[in-house]
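Labels run A, B and C following the written order; every chain starts at residue 1.
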Amino acid sequence: MKKFLSLLLAAIMVLSMASFASADQGSAVVVGLAGDPGNIGPFQGMGLGRIGILFTTYEMLMVKDGDNFVGCLMKELTPVDDLTYDVEIYDYIVDQAGNSLTANDIKFCFETAKGTGNLPKLSSVDSVEVISDYVARFHFTALAAGDLESLLMECPIVTQAAYEASADQMATDPVTTSPYQVVDYKTGSTITYKRNENYWQKDELAPSTSKHNVDEITFKIIPDPVQLVNALKTKEIDISAAIDGSYISDFMNVDGFAVTQIPDNTTKFLVFNFDSIPSAAERQAIAYAVDVEDIIAFAFDGIGYHAKTIGNTKYPDFVSAWSDEEYYEYDEEKAQALFDEAGVSGKTYRLLYNVADDNTKIVTTIQAALCDFGINVELIGYDNALFGTYKYDDKKSDEWDIMLDEAGSSNLLTNVWKLSLDARDQTYGKTIGHVADDTLQSLIEAAINDNTPENMDAFHQYLKEQCYEYGLVSKVNNLAHTTVVKEAQTCFRGQILPGACEY
Amino acid sequence: MVRYIGKRLLWMIPVMLGIAILIFSIMYICPGDPASSLLGPSATAVELAAKREEMGLNDPYIVRLGRYLYQTFIQFDLGTSYKFGTPVFAGLMERMQYTLVIALLCMALQVFVGTPLGIAAATHHNGIADRICMFLALLGVSIPAFWLALMLVLIFAVNLGWLPTSGVANGLASFILPCIANSFAGIASQARHTRSSMLEVIRSDYITTAKAKGLSSRTVLFKHALPNALIPIITIVGNGMGMMLGGTVIIENVFAIPGVGRYMTDAINSRDYPVVMGGVLILGLIFSLIMLLVDIVYAFVDPRIKAQYEGKKRTKKGGA
Amino acid sequence: MQKTADTGVRNRRQGQFGQVMHRLRKNKVAMVGLVVLLLLILMAILSPWITPYDYAKTSKNNRYALPSWEHPFGCDAMGRDILSRIMYGARASLWLGLMSTLVSTIVGVLLGSLVGYYGGKVDNIVMRILDIIQAIPGMLLSIAISAALGSGIGNTILALSIGGIPMTVRLLRGSILTVRKQEYIEAAEKINCSKFRVIMSHILPNSIAPVIVSVTMGIGNTILQAASLSYIGLGVQPPTPEWGAMLSEGKSMITKYPHLCIFPGLAIMVVVLCLNMLGDGLRDAMDPKLKN
């Protein structure tokens, strides 16, 4: 296990070191996508298909380069006070139509994006004030740890002139400051980009998301997993981050192909419904009874690792000591003892899950594991839209006892936690698992406001002890590519950055 | 006949209204949240609730229904897709070009391969040709389309490299495998139905009479038997055409074809209300028109049916 | 008076039914179909006691195991014995497939004969209602049924059968239109046969053939469809096996481990085959032109 972790870390390091030299050939790359991006306009919500093309299409004020946030359009960030920051942008930015980008455009983009309600995080941007041509002053209503960077990365920036010139709010033909311009979009099928020869930024200043090592990029949408594999085998696509784990061996150590494994930023975890499982011993017993190594073997073909909290080790505020801690490793005796303590026998739990991808195998493994303790698990699987309803609707909460959930964030572990554990983010003032625990709430608020290792640890330990939620598996993305791509490069969400790959 | 067609066309107005109200009500009672697929997995419950409010999804049923009917039938506006940001009608028509190609090709295969197979089976009833045809037909209806599709890809694209695995970038070549995979079941059912109704007709008295008159078996077959066996075949073709224009989700998914079926299924799964409601309305209209066409073709094939369409009118006149 | 007329009809019908059965029994192919189908049903009923392994028992060592003496059909992604899962899965698949086909056929035949016989206004109104229903995607209709009526086997059958009704009605209506004005129907009406009797003993036997063909071929599709319903609160939930779901689970592994798909596919095929053999025989037996 440890060996595997260290291998992963090494892989990440190699990846972040690579891709500085920029090759220049009349080259093209085809990227296989499993999800359909739909509307590729700038101010859309972060739907699942969209993250695959986001950084190729747009530039933001800041981006995440490897593990660090760096300026992209932004040259300088100057604090004015706690909730006010001055953002200075480069003074030579031009978009693909030749419009210069100024502070007015920054103001325009943030206000328009906020107006659409599609990027809800922007509600903490109170206003943007134009100070000079290239300086915009941001007034925030509140800033928790890590919020500043993620807010400046949240909103794609385009010039007002280009946006207003588009007939469909850039839904199909965005004109941006990125080194790649959309030249053809067949909705539901392909998006083709050509390199913008007049890209504004100097090579040495461009972050990885703005590299442009290839002349032409085509994203091909292939929803069927087997066909994605076939397309790679026939080299109709050069690279894909969505190859099913069980097919990875077809490309590993095979001539003409290479595989890179990169940790995903999402983690699968169990949420216990406090209304039906109020006993901590009972929740702990379930955590002990589930063998996560089994889940990894059955659902992920052995590729993945046991989470140590609700979130993976990649986040900067992950406390490294947790990696060596005991975290409900499978223990039959402890589980049985705790079940006995809680007086549980012959009970039936209803396990709610989203039928997408590997979840059916995960819940079946859990079901089989609990069966060994004489406990029945009734599976309630829903498609994506219905799962959302059951997850968030207070009225439906009496229809499940345990829920398999998944979460990740672009920057901090606290942002993973808050999705399900901060009562302020739910419509009914309790956590998703219906816990109304003042200690838990004060600890998470402390961690969100100031994510020091002490605050993080305090919350983590309390959550672990109460076992309101239990982290299962941190996923790993399998990136397979032909040797046309020498070195693959991905963004922090595990999506391919075709411009930054080496050819 | 013209009067009958006119009456049927007028009937389309209440049918369209009925479809609109029904689909709206179904979308209203169907659980599932369009906001969550718009904002993605990192949105919190509070943010989702705010988005729903903004989208007007929390308004009462009657207000939303009124708004929808006004927009659709008075302003002739089907709305804009949540997911694609483009008008529903334009989006649907863009997808329709691929679906139309597949539907027409498949229908052609179904009619021109399935019908002769069925006739051959019927004329050689219980012979070896019959057995082979029927075995193929049974295979056709019981092999799942995705299985056949993936096997074809494996042979002709991955191993032989003759055709692309998926996509629509290679012109007609892109449609060969999808059409074969998709029409197999259609050919099978066409052959089965043709055989069955041919057998039915061949046993009729007038065929025996025609044979007894000493007509060649070819003349008997094509002049007397086939026209009378056509009614169920027309029903199958009409229904099949109507269904296929609604898209074939499995084939479109496997071959990554951006057709109507995927457009609609994605919309249903992400609760893209404008696309679902607009798409159902347009496809419903197309379907109704095809069904009307089927009824007209009935009348041409069988004069007795034509008499029934017009019969009502005559009795009314007589009564008055 | 009413009573005697009724019994008269019933006796005649039983007589006719007896004749049909007699002729069916003589058809060897149809009998083979019937016997195999009955054996499958028997297997489904007895499956809790006769499966070689527990259908839900997972095993890390047997993942994707190929067919062998121990596991004749191999094992699936969770290391579960495929033979046992197919045997047990026959319960859900056969029940759902046969029942929903039966329901949609009965409703479809009732509506179809009504529409075909009376024509005119009845025809117009019923067919337009069908136009409306057929415009709604089946998946949405099923979600709505699940949301409005809740889960459960009855609602699953309802959801599965609704899709088959319009086709049955259209087929029957089409062929009734051709026989409706034939001399023997008019003759039957002239001698004051009750409408019920005209439909049952004169119109239906002469026009039911396309319906039988379409229904017997449709069952495979119905079994496959049942798999997609488990995602919307209907159908069967894992680990309870069901053939359609087994196929769709195996789908992503089809090129690597084809046995995951082949055996459940074969099971569906056998059912379709048997039903078709039986259907053919039934059609021949019901055909009045073949009366000896």
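The rule is simple: contacts are C-beta pairs under 8 Å (C-beta built on N, C-alpha and C of every residue); 3 or more make two chains touch, one makes a residue touch a chain.
Please read these numbers as outputs of a predicted model, since none were measured by experiment.
Taken pairwise by the contact criterion, the protein chains are fully connected, each one touching every other.
Taking A-C and A-B together, the pair of chains sharing more C-beta contacts is A-B. Chain B and chain C, compared by their mean Cα positions, are separated by 21 Å. Chain centres here are Cα averages; for chain A and chain C they lie 45 Å apart. With centres defined as mean CA coordinates, chain B is found 39 Å away from chain A.
Residue positions of chain B touching 2 or more other chains, listed in rising order: 31-32, 150, 154. Looking at chain C, one finds that residues 143, 251, 254-255 touch two or more other chains.
The set of chain A residues touching two or more other chains comprises 226, 230, 383, 386. Contact residues of chain A toward chain B in the complex are 36, 38-39, 41, 44-48, 50, 117-118, 120-121, 123, 168-169, 171-172, 186-190, 220-224, 226-227, 230-231, 233-234, 236, 266, 383-386, 388-389, 392, 406-410, 415, 418-419, 422, 424-427, 432.
In the complex of the two chains, the chain A residues touching chain C come out as 225-226, 229-230, 244, 246-247, 250, 294, 297-298, 355, 360-361, 363-365, 367-368, 371, 378-383, 386.
Those residues of chain B whose C-beta lies close enough to touch chain A in the complex are 31-34, 36-51, 54, 81, 83-86, 91, 94-95, 150, 153-154, 157-158, 161, 164-169, 253-258, 262-263, 266, 269-271. Across the complex, chain B meets chain C through its residues 11, 14-15, 18-19, 22-23, 26-27, 29-32, 138-139, 141-144, 146-147, 150, 154, 188-189, 192-193, 196-197, 200, 203-204, 228, 231-232, 234-236, 239, 242, 246, 264-265, 268, 276, 280-281, 283-284, 287-288, 291, 298, 302, 304-305, 307-308, 311-312. By the touch criterion given at the top, residues 119-120, 124, 127-129, 131-137, 139-141, 143-144, 147-148, 166-167, 170-171, 174-175, 177-178, 180-182, 209-210, 212-214, 217, 220-221, 224, 247, 251, 254-255, 261, 265, 268-269, 272-273, 276, 283, 287, 289-290 of chain C touch chain B in their complex.
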